[in-house]
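Please read through the structure below; I'll follow up with questions.
Chains here go by letter, A, B, C, D, E, F, G and H, matching the order in which they are written, and residues are numbered from 1 within each.
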Amino acid sequence: MKRELKALLEAVRDGAVSPEEALLEIKTEPIADLGFAKVDLHRRLRQGTAEVVYGAGKTPEQIVAILNAMRDHGQDNVLVTRLSEEAAEAVGREVPLHYHKAAKLAVMGEIPQPDGLGKIIVAAGGTSDIPVAEEAALTAEFLGNEVLRLYDVGVAGLHRLLSHTQDIASASVIVAVAGMEGALASVVGGLADCPVIAVPTSVGYGASFGGISALLAMLNSCASGVTVVNIDNGFGAGFAASRINHMEAKP
Amino acid sequence: MKRELKALLEAVRDGAVSPEEALLEIKTEPIADLGFAKVDLHRRLRQGTAEVVYGAGKTPEQIVAILNAMRDHGQDNVLVTRLSEEAAEAVGREVPLHYHKAAKLAVMGEIPQPDGLGKIIVAAGGTSDIPVAEEAALTAEFLGNEVLRLYDVGVAGLHRLLSHTQDIASASVIVAVAGMEGALASVVGGLADCPVIAVPTSVGYGASFGGISALLAMLNSCASGVTVVNIDNGFGAGFAASRINHMEAKP
Amino acid sequence: MKRELKALLEAVRDGAVSPEEALLEIKTEPIADLGFAKVDLHRRLRQGTAEVVYGAGKTPEQIVAILNAMRDHGQDNVLVTRLSEEAAEAVGREVPLHYHKAAKLAVMGEIPQPDGLGKIIVAAGGTSDIPVAEEAALTAEFLGNEVLRLYDVGVAGLHRLLSHTQDIASASVIVAVAGMEGALASVVGGLADCPVIAVPTSVGYGASFGGISALLAMLNSCASGVTVVNIDNGFGAGFAASRINHMEAKP
Amino acid sequence: MKRELKALLEAVRDGAVSPEEALLEIKTEPIADLGFAKVDLHRRLRQGTAEVVYGAGKTPEQIVAILNAMRDHGQDNVLVTRLSEEAAEAVGREVPLHYHKAAKLAVMGEIPQPDGLGKIIVAAGGTSDIPVAEEAALTAEFLGNEVLRLYDVGVAGLHRLLSHTQDIASASVIVAVAGMEGALASVVGGLADCPVIAVPTSVGYGASFGGISALLAMLNSCASGVTVVNIDNGFGAGFAASRINHMEAKP
Amino acid sequence: MKRELKALLEAVRDGAVSPEEALLEIKTEPIADLGFAKVDLHRRLRQGTAEVVYGAGKTPEQIVAILNAMRDHGQDNVLVTRLSEEAAEAVGREVPLHYHKAAKLAVMGEIPQPDGLGKIIVAAGGTSDIPVAEEAALTAEFLGNEVLRLYDVGVAGLHRLLSHTQDIASASVIVAVAGMEGALASVVGGLADCPVIAVPTSVGYGASFGGISALLAMLNSCASGVTVVNIDNGFGAGFAASRINHMEAKP
Amino acid sequence: MKRELKALLEAVRDGAVSPEEALLEIKTEPIADLGFAKVDLHRRLRQGTAEVVYGAGKTPEQIVAILNAMRDHGQDNVLVTRLSEEAAEAVGREVPLHYHKAAKLAVMGEIPQPDGLGKIIVAAGGTSDIPVAEEAALTAEFLGNEVLRLYDVGVAGLHRLLSHTQDIASASVIVAVAGMEGALASVVGGLADCPVIAVPTSVGYGASFGGISALLAMLNSCASGVTVVNIDNGFGAGFAASRINHMEAKP
Amino acid sequence: MKRELKALLEAVRDGAVSPEEALLEIKTEPIADLGFAKVDLHRRLRQGTAEVVYGAGKTPEQIVAILNAMRDHGQDNVLVTRLSEEAAEAVGREVPLHYHKAAKLAVMGEIPQPDGLGKIIVAAGGTSDIPVAEEAALTAEFLGNEVLRLYDVGVAGLHRLLSHTQDIASASVIVAVAGMEGALASVVGGLADCPVIAVPTSVGYGASFGGISALLAMLNSCASGVTVVNIDNGFGAGFAASRINHMEAKP
Amino acid sequence: MKRELKALLEAVRDGAVSPEEALLEIKTEPIADLGFAKVDLHRRLRQGTAEVVYGAGKTPEQIVAILNAMRDHGQDNVLVTRLSEEAAEAVGREVPLHYHKAAKLAVMGEIPQPDGLGKIIVAAGGTSDIPVAEEAALTAEFLGNEVLRLYDVGVAGLHRLLSHTQDIASASVIVAVAGMEGALASVVGGLADCPVIAVPTSVGYGASFGGISALLAMLNSCASGVTVVNIDNGFGAGFAASRINHMEAKP
């Protein structure tokens, strides 16, 4: 996909396109200014990923307009995150969408064949953490990764997790999703020898403080190789895991 | 020891002592008022434990005065907690003390023979947690308990802890001491079937916030049966563990 | 109950069961993997307690599936905590339950005869703290303990608490439940000579910060022997109190 | 003392002084502008109290200049708070002072005969709270109050406090000074029928968070009639207590 | 009112009543144990105030039961705070109440003639602070005080406050109610020479953090003589102000 | 507009009006005391701006009363902020209003011709920040400023912002509105050479903590010349920007 | 000063300089890369201000290197902020500096003649706030502004501030510096009709939390037109005030 | 390196080693129990990395003992983090070390030839962030990575960062180190198409709160693909970056 930009630059080098024209194309075209949003039509070109729309805080009308602008520019595969069931219904009446209720996530277009270095494990501490875990898992799948789900493997019942040490050893990247005390990240981090991305969830009550407890625990993990994303940010974890799972040599 | 109070009350019942006299004895005598402190000389009588002096915020002179007041009333075994090395030296010149430097804890008198229901395990996550762990262990020993120390068993190297599952299964009470993400409490709590007392430590940096991270994690532990004490409160954990390890039937 | 595991191990020792078979039985069978949850069917075997299901964040369908999986494996007595009235009704249509509305707690099966070392006191500061106190009290009763309730004994009306010093002296374990300034734990802790488990509640307004004020006060209690659980965690306190009330000698 | 202002105003009413002249006198004269400080020379006139200088953050030279400006205008009795021992020595070489080391407080001039409605009790939870308690007690004495000190009456040893219920019943105002869990304010508030001013102290460790725990507990006190001042603000409590102890009818 | 207790004690002194009988009367009778609440029937006797019921967290049925228990023991004047409109209606069907909607406060019985030392000013920063201010003002009136309301006198329009300096100078006690930056307490505190009780309110948005900003500002007030109550605690301020306004000499 | 006050003062100087009369006019007349609010009728006179009513926490009836009081005194142009759609409808039935739904802001009277030094840029990070941005933009327009809106220029897509460097260079004042990590303020601050006012918004989730994250980032901006207002305070930013855009020489 | 860049661009327009050369000059030359720092040699060119070096966290050697790099490129007037006395001495041995001890601020070169629209008032609440106030005042003077200092005008002694209402009315911009409860910003904001920049200071103790209390109060100021900078950020306030005081028409 | 374990397992498969022996070797041997620490001698075997010792909270004697235990088991390359200069000197007298003062990091053994997929960029916002950045850079180099340092590229001078867009585009992984407002992570994240690991630093003052501000900003980054580690955790970022830079296909 990054070929396109390179081709443009080579056309500049070869004199087929003037630098000014090239600059113009790169700078101005990729943004479709809808007033309330500047839709980035070249991010795929610049960053090599399909496009994602953050659904929270946008009206269904705005989302439809954005999706249509993208389709008009040839971007057929778009992920919409944090989309409520009602909004999904409203948007779905205008644009064809596959909606995943638990993860509050919709896909326009196709889930591609996985093509990464290996498989991504999404591990979740408890049943209540599943919505965030699914956001991570579906995001990773949308971005071309094979995903293995390990749910309800919280550390208070350690044998449930230990029965999957084989899986953990064979993973390419692990996303560890947990609320409450967030200890899953440290234990998984200690068992794994691959990158681990920890996602604190807002699951819990009292001194869980909406996920702060899990967030702090994960940031303080004594297991090396663990990095952390925002509370409930399943999308961010799935996205980062996909980038890591698609690493390739850069000479 | 609780015999004394019972004897007094029986004397009341038998008419040998008038209720007023008894009341007076219970209420007024046990307190030696030193001005800056009211030394409780009957706590042993009322609560069945040897006496403890909280050393922080007291001058060596004040501590000496308190210890002497206790000795004058026959309390020969006293634990002094949170005593700096300098203060210990100053106090030690006036009163015979055994000082434990790492735990900043001094003992006047003798460590008794252990007599509890079983042994107390004090488990610590990392080397830096040892001072707090020692405060817990020495307190428990001072109060008549056998103690088994398991140090440097943090969850990031899970196999170090799992090699002690036998010990964990045989413990009467477990004190789990950990800083940073405090996950030790949850993992131990999941493995054990005895009461677990978690002690967060101020070990760590950055978002450990002086022990808040570990404290929150422990309070949110998804393992049942875990209770928590204040950050760095090794004494409190050792004291509570001893009480539990000395439980007996109350008809 | 721990006989079962011991019997299995003795069968191994006697050659009737091979170690591999035993391992298989211990490791794989006890978990019924329902996809969204791994139901632990041997916790009773491993940890010696009846089973508990945390109801929050699970759908009625999920809870019914878990309860049925348990019944299929012979676990007839199960406690479901944090179950809303609506969910309780839905679950109750599929599985026979006794629901306790104030404590948001349901019992499948029978409350056993109490068999602990003594009685557990559940003391609550104010009328508003009763739901959490009931969660603790019913949990303790479900786990085989005699419970004495002392409600509305907040420290601002000290005489209400002092009229129960006899009860406090005779208790085996005390659960102190309080919101607002949480001072009940310290005062009870100073009067009692048994383990005290403090439960901060989210009762209050303004600077009570949803229970943080009471939590901090309890963690800082100057009374020795007090340990603390999460805000509103009546279940955890009842569970830990039961463990302590069932202590026995471990040689 | 308030006579002076009244006299001035009556002179205005009687035509002896023009309003403009009066205004000028009230507005401009009372402030001695030292550049770094505007010394208020009429506060006594306006608010009826002797003058107080907050010593923290001022150099000894600045304090000396302020005290001299006051003496030049006839204010001979001044309280200097939060004055370090070194600063007190330096100031004392220029101005005659009585320095109270524990309370870090110096008095220029005389402590007056007490003349309030009754006596102020200053109660402190532990030995470490005494410096703050002394700041309150000495401030109250400086402002003309009889003070009764009750130290080391923390709620964990309730009998130490209960042996003073007579004193509590006879007090005019009570200042309750406590760190850690700050429960003293609630218990005293429940026993007393006079105004209670609670002073949280920064005494404690771990989750005491430098006095936040005690502060929150005191703000949430379920005892009516308790008001609170800043952490370690013994001066503020003593000042407010004195105002209350000097209440008189305002028709 | 305090005569009753004194009479009882004099009867003891004179031999008409035995100490045991007296003790019994003082200790046991005053509490009507309703199970969910221990109604204190002698607080008036012990603390000299009419009774107050904290309405939040109690069902209308519980409140009715408490009020009836009080009426059965001759307490006809009761204040119920934090009572929602719906609850007030339900309670009002069983017990005669005057309900004040803005302040969420109900009075059973009569508002007495004011009899304090002077008048209490209740000053409020903005229109949104009026509900809390009314809670303070009505509480003070219920407890026998004349109240002057100064509303919408926030410091951003200083002239609105300064036009009332006469009132401020003549007040016996001032209750300063403000949200947002809470500066009213400091400005009033600087103008007044009587006790000032500051009430932070949860009025505001963003970094007002539900009243924390105002609370902190008030605790840090550089004006001497200011004390603080919990966020939105109009009742507490009115109660404390009444106590101060009813001070009398205690020899 | 400031002429009026000056004229009054000149009349005083010339003897046409006595100082007392002048004082009276300035001090007493401008406030219309509606009981629940003191409507400031001379702020325009004193501070040179049209009047603003903060709508939150006021009933429609109160707002109507305030607007009518203003119209009665000749203030025809009033801005009402934080007005819900329902309240706007109710008020609009009594007083003619233009309501801006996204910004929850209503205008009574006319938007004036812009007359400032230059144009104000209102830049917003994301679509969800638009309501706050509109509050700022409409406020500035109401106060006589030309406004240029740059929306959806968050720093994660830097080219969207960089395509507007020309605009940024030509602005008189910039209001930078952003939630989440709030980095927009720093980047804009680094590009601009005019005053930048940063507005954190409560947009985000998890560790955005309702705008705290953006607020802290903006306060810590390493770009000189950036100042900050409260979370979601679009009005405050627009108001301050207008003041700056109307600066004139003060000799 | 902005002439230079314009001249360069005009040279481009006129063909005297090729765009590439211009770009090169703008992009590459202005940064002197010292390894540990990239010294910005064209900020004056781009942003129209003299250069400032943030001294904290840099060694004297690094500061000397930066200052020399600047002098080599013709920037003779540089402000160094947050420079300790020791560092200032060390730097001063290599580069001629004027050091202001209270403000921890050094000036290389000359303080220019003031040339802004009017004068900037720097008002400080208490004597302890003077170091931060001086940082603001000296910064403003360094940037070409006339500054009027009003120190020790805290709101608890309101008359001290009110005696300067004339000054406040005549100011071009006001910087309000205060710690503790930070109320000065609101009161000044209510009195002034010019932009007010509030600087919270870390002055205070207990619940001032190192300036958080003052910061929150200032962010919540109910006075319109107030913006806020970081705690103790006198430099930032002086810088922003100077920008505002140098506003000019931008057509 | 992972060969060793595989070889062992193949020996088991081939019957050369019994499973029990293998288990024993894996489980028991790798830990050298020094009492205060359990040195993990097989982590290299299990996790494929050289060994790291966390130096904070350990005495020089303890560190020497650990390093010697490692050397005795053939681990010659060890990284010691958070080692003070004094401790480094003491340790260096017993064990040969290369100490990096700025990063407080010591290396025993050799820095290997880099062998990852590409180069790791370590970008730092300001000069004061360099110690943390160096900790990350040196860690990455120790673990076999080529590192490119981009220092002093904070977003307030955006052109300094933009002059390195080429480097950013060619990086394999980027570590973004910044204090204060932490915006660097978002801007870099928006420019890069590789994984970005953000490290908040404790650099700043006032409302930077020791790195909390930067931490929150980074967690809330609106740029996808950014993950975060603990405040000042340069080691953790370097370690995670190395893992990512050594990704390989896992079939």
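Here is the rule we use: a contact is a pair of C-beta atoms (placed from the backbone, for glycine too) under 8 Å apart; a residue touches a chain by one contact, two chains touch by 3 or more.
Since the structure is predicted, the reported quantities are computational estimates derived from the model, not experimental observations.
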- Item | Joint neighbours of chain G and chain B, given as chain labels | D, H
- Query: In the touch network of chains, how many steps separate chain B from chain E on the shortest route?
  - Reply: 2
- Message: Between A-H and B-D, which chain pair shares more contacting C-beta pairs?
- Response: A-H
- Do chain E and chain F face each other with the same patch, meaning over half of the contact numbers show up on both, or with different patches? different
- Return the chain whose centre of C-alpha atoms lies at maximal distance from the corresponding centre of chain E. H
- If you take the mean of the Cα atoms for each chain, which one ends up farthest from chain G? C
- Could you tell me the distance, in whole angstrom, between the mean C-alpha positions of chain G and chain H? 38
- Separation of mean Cα positions, chain H and chain C [Å, integer]: 42
- Calculate how many whole Å lie between the centre of chain F and the centre of chain G, each centre taken as the average of the chain's C-alpha atoms. 25
- Item | Multi-partner residues of chain B (each touching 2 or more other chains) | 126, 157, 206-208, 212, 215, 219-220, 224, 230-231
- Would you mind giving me the full set of chain pairs in touch? A-B, A-C, A-F, A-H, B-C, B-D, B-H, C-D, C-E, D-E, D-G, E-F, E-G, F-G, F-H, G-H
- Listed in rising order, chain H residues that touch chain A in their complex are 46-49, 52, 117-119, 170-172, 192-195, 197, 215, 219-220, 224-231, 235-237, 239-240, 243-245, 247-251
- Query: In the complex of these two chains, what residues of chain D are touching chain C?
  - Reply: 125-126, 154-158, 180-183, 185-187, 189-191, 204, 206-209, 212-214, 216-224
- Message: Help me check something: in the complex, which residues belonging to chain H touch chain B?
- Response: 27-28, 30-31, 35-38, 40, 43, 54, 56-58, 62, 82, 200, 202, 210-212, 215, 230-233
- Item | Interfacial residue positions of chain C with respect to chain E in the complex | 126-128, 130, 151-153, 157, 159-160, 163, 203, 205-208
